[in-house]
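Note that the chains are named A, B, C, D, E and F in the order they appear, and that numbering of residues resets to 1 at the start of each chain.
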Amino acid sequence: MEFIVDFLTRLLMQFQTPTLAFLIGGMLIAAVGSNLKIPNAVYQFIVFFLLMKIGLKGGIEIREANFNEMFLPALFSIIVGISIVIAGTLVFSLLSSVKREDGIATAGLFGAVSASSLAAAMVLLEEESIHFEAWVPALYPFMDIPALILAIVLANLHRQRQEGSGKKEIKVWPIVKDSLQGSALSALLLGIVLGLFAKPESILHSFYEPMFRGFLSVLMLVMGMEAYARLAELRRVAHWFAVYAFFAPIIHGLFAFGLGYLAHVWVGFSAGGVILFSVIAASNSDISGPPTLRAGIPSANPSSYIGSSTSIGTPVAIVICIPLFIALGQQVFSV
Amino acid sequence: MTLYSAIKVVIITEKMIAKGICNIIEQEGASGYTIMAAGGKGSHGVRNISDRAAVIDDFSDVRIEVIVTDKERAKSIMKKVAEAYFNEYAGITYLDEVEVLRLSKF
Amino acid sequence: MTLYSAIKVVIITEKMIAKGICNIIEQEGASGYTIMAAGGKGSHGVRNISDRAAVIDDFSDVRIEVIVTDKERAKSIMKKVAEAYFNEYAGITYLDEVEVLRLSKF
Amino acid sequence: MEFIVDFLTRLLMQFQTPTLAFLIGGMLIAAVGSNLKIPNAVYQFIVFFLLMKIGLKGGIEIREANFNEMFLPALFSIIVGISIVIAGTLVFSLLSSVKREDGIATAGLFGAVSASSLAAAMVLLEEESIHFEAWVPALYPFMDIPALILAIVLANLHRQRQEGSGKKEIKVWPIVKDSLQGSALSALLLGIVLGLFAKPESILHSFYEPMFRGFLSVLMLVMGMEAYARLAELRRVAHWFAVYAFFAPIIHGLFAFGLGYLAHVWVGFSAGGVILFSVIAASNSDISGPPTLRAGIPSANPSSYIGSSTSIGTPVAIVICIPLFIALGQQVFSV
Amino acid sequence: MTLYSAIKVVIITEKMIAKGICNIIEQEGASGYTIMAAGGKGSHGVRNISDRAAVIDDFSDVRIEVIVTDKERAKSIMKKVAEAYFNEYAGITYLDEVEVLRLSKF
Amino acid sequence: MEFIVDFLTRLLMQFQTPTLAFLIGGMLIAAVGSNLKIPNAVYQFIVFFLLMKIGLKGGIEIREANFNEMFLPALFSIIVGISIVIAGTLVFSLLSSVKREDGIATAGLFGAVSASSLAAAMVLLEEESIHFEAWVPALYPFMDIPALILAIVLANLHRQRQEGSGKKEIKVWPIVKDSLQGSALSALLLGIVLGLFAKPESILHSFYEPMFRGFLSVLMLVMGMEAYARLAELRRVAHWFAVYAFFAPIIHGLFAFGLGYLAHVWVGFSAGGVILFSVIAASNSDISGPPTLRAGIPSANPSSYIGSSTSIGTPVAIVICIPLFIALGQQVFSV
């Protein structure tokens, strides 16, 4: 009970943080039909900027990280990514009104990871002064890539079964490559590499860090506007997608929280790390995932997975899950 | 100055598969092609053309235009593109008769 | 592979009224349309196509292309658009005969 | 006499402030045919950025503002907006060479408000350390919207009279909506709402405030380049538009200065507030106004109002009116 | 509603020389023209159409479309453009018969 | 020997500076086929930003500069620009497999100057705390314009000779104008003018200086990506262009270093000035030069000069020449 009151108070307060306020502001402004637009070029640059900053910082700190510490969370990331896709595929397969490929693709997208949710969670954790290991964002690909691969493989197996065609081998490497080459993941990885092997501290402090929150506010505005704009698309598909998109982030996050707790107990994964790990799990890919899935599962209807992810999944991950897992973390770890 | 009759094939489809379509065009022996950014509406819904931030950029349209000298080649391009992609991706294709300068270019 | 003859209507006009024109196109029962950004010159002066900062963005052109199966529908679209807008807004419209694949799409 | 010398000295000095220098630099560089271009995407982002900053700051301060203080200036804003349109319409109706709708549309644009002039004035006031109430920029819509509505209504009435057609009701709400939905006004209003209800102080201080002047310098460059580029358009219309565009900002500003003075005496409107209010009145809409008028008065020739506003009105408002009203304010209020 | 037959000339070439081509078009007495950004491939290699940073921006393509009322004028535009530019710059040109509304516009 | 060891150590260390690391990172990421893209609009703005900053700072300091000091370096700039074009034209004329115009155009591009190399050198000098006169970047046009003019004139003379046509006068002024109107040079010159005649110190310190290094890192990323992307183009032309592009920057820089040394002895040109002057000479124009040459020498194949410049010339100028001339400068001037 107290937890719920605490959570609601926290939720209300966090709505006032710039991060959430701009997201909600974006929805609002789209809902009233404003012509305000953030140019696509600026949006793309901001995504690059945020991931580059996260990567640089992560890379610098990984230099002195204990690799043993990272092993378990990385393994758990893979497990979470795969579990989400399997669970989602099963859930959708129970719904006869949903085309199998659409369900698999949606599950794949929710298993994958969103850069914007990640950045938002990092800022909100910093605002609550909850520390986390700087390499936690580097868990991103460990969850993202397995989820996308598994979804594409499952969809292709399903298709081969249906077409009764002889088993064609499904190549995994092109999917991995495609994921790594995506603009979001490659910005993050480039940042990590530069952080590891170069000395980018000076520009990190003079450029990437000071402008991080500001640019994040603009990104949140865009995400909010897109969330509203894509509701129309969502309306054209079975409402089960909306239901899934609402509950899945919370459940995925809680599952990850559980695993993260184990890592806390076993290898000393920090409280902030557990929270961030949960948000990564709760998030769903909004930038790189959709094109990868469109190419890998062309028979799936993009409206189903894009609508449910952008319009519901991402707002739920940011607006509900981040405050929820912070509150939960504070309760559990007393930070 | 002489003009020569030729065939223009137009393909309007998803940006994401533009590369694959250009490969087909080259395999069919066309001397070149022209691509333009487009948006629009069809049976697969509305596609963005504005420069407003779109979380998913690859889902806009392109309009590809290829000029070839004989109609059989034109039809073959259309057929191969449709077979390879139009069951699963959005797209339309049509051809038109035109008159070109400098036949050797095509 | 069979090709079917169809009519392509092209409308080049101010970006600002693109939405209204698309509504007319849909009301006339076309199955879709394609929009591209354009600039140009006509009796109403020069319109920007560059990506240079323009204080007034909405004053550039668009080129809308619609394919329909019969000429009467094509003419009707042209007529309605011209009546609704071309007294007060810049714009031209023309049609062209083309051959399409997959008649059912149009 | 002394005032004039003082004003000219001040003018000369203010030409050296980055704000005016970049505006003039933009004209210069366009005049010599440079290929330098500020990309449209960057320009649009800068406009968003500046108005968001003004809005956030305004919203935060309105929280503790006394609403009684704001009432009179808001009322005066409406009066100024309406008066400018009526006066302009009358003036142009005396000129037989000017098509009636062109005159009304131009008057409407000069009654409306320019975000760039507003931002420039705020920076120049800060440089002179002249304080103003942070809610003054929020007067923007109170002047802008009534002016645009009135112009569109007048033009439509004129048309109905001419066509002898039965009175069709002119709907005001769509025009209001159209104005509020414009990109400039909605950025400002979104900023105000976020400033009022969220806690954006952190990003205001880390992002929006530090970069405000820098981005303004880039905007001024664009305005200067556009001013020169559109001279060609202006040349194609009656030269009365140029004459109007030169004198109107000064007269409108002086009229507003008078009303602002009354508000100073009656409700303690600050000196800086009076000056800023005058600049708002002197300015003419360059971003949202033109499309609204193009849609609302389609029979008016856009070259007439856009040419006169962008090429002459805005430079006069910024280069002449801002220093003029600052000098006047310093004289009158001894600040 | 009557439609009038007219000729559409299309020129696809380097952005850099677009201005010069438009001058030729105006000198030939056309009432206007429309320009669109394009990319593509031809004998002079690949040209960019993406909005990705390109150190050299001017090397992308444009597609210019001009409608004139008689074929001689159309051919004359094509000829002058080809003579002035196509020995040294990349480009193709073709014409097509179309039907326009409002003949007076052209 | 010691010098070589010193140089290699320095080289290795400088690879870790953000400037070089991002350049190399850009090549890397393009080589692995990443879809990461920096939007063109952002790139164009960054180029403007960097040159504006260099110009503003230069302009401010030129105010108090001793013009006598600048005269000799300016003269040497002209000499270097012209010498490079003559030398390059001769070299290429010895290679029968190279079309004469292609050789001249390539020599012209290498005689001209690159804004990105210039900015990179400035930052690296600052990091080594090696002082240079702020007007050194203003030498840019003195080298750039003569080189481009000479190349275009030579190519036209060659053509006239070949066509046996009567001597047509080649107009120099349009080429000068075209150069000055290019986006890079006009941003630099506008900055200088504003620095000289306005008082842009406030925005220089609040905006242009703090973000300089950050934006430079993004520019370096773009240059790296382009370098890789254009290798394909380079492969289509004679491999002599690659050989020239590799050695020319080093030789040009050494030649300029020699002249700079003379200026050091004669008029006290600073050590940092000599180094920067050498980098300017080593650099080759990547932004404004190519279109100017395409227009002025239309018969030259752009692939030859663009491929060799972007893919090899610029990386060599930045990655090899900057550390080399810094090391050389430290050796020679013991700074």
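To be clear about the criterion, a residue touches a chain if its C-beta (ideal position, glycine included) is under 8 Å from a C-beta of that chain, and two chains touch if they have at least 3 such contacts.
Predicted model, so just to flag it, every value in this text is computed and none were measured.
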Least step count from chain C to chain E, where 1 means the two chains touch: 1
Set of chains whose contacts include both chain F and chain B: A, E
Remotest chain, chain F as reference, centres from CA atoms: C
Fraction-based call for chain F against chain D, same above half, different below: different
Pair exhibiting more inter-chain C-beta contacts, E-F or A-D: A-D
Approximate Å spacing (C-alpha centroids) for the pair chain A, chain E: 46
For chain A paired with chain F, centre-to-centre distance based on mean C-alpha positions, whole Å: 42
Whole-Å separation of chain centres (CA-atom averages), chain D against chain E: 40
Geometric centre distance via CA averages, chain E-chain B, whole Å: 18
Contacts with two or more other chains, residues of chain B listed in rising order: 36-37, 51, 96
Numbers and ranges of chain A residues touching at least 2 other chains: 37-42, 44, 210-211
Full enumeration of touching chain pairs: A-B, A-D, A-F, B-C, B-E, C-D, C-E, D-F, E-F
Footprint of chain E on chain C - complex, ascending: 10, 12, 36-43, 49, 61, 63, 75, 78-79, 82, 86, 92-96
Residue numbers on chain E that touch chain F, as the complex places them: 16, 45, 50-59, 88-89
Chain D contact footprint on chain F (complex, rising order): 39-42, 44-45, 48, 177, 180-183, 186-187, 190, 193-194, 197-200, 202-203, 206-208, 210-211
Chain D residues within the chain C interface of the complex: 37-44, 222-223, 225-226, 233, 236, 286-287, 290-291, 294-295, 298-299, 302-303, 306, 310
Footprint of chain A on chain F - complex, ascending: 15-18, 21-22, 25, 28-29, 32-42, 127, 210-211, 213-215, 217
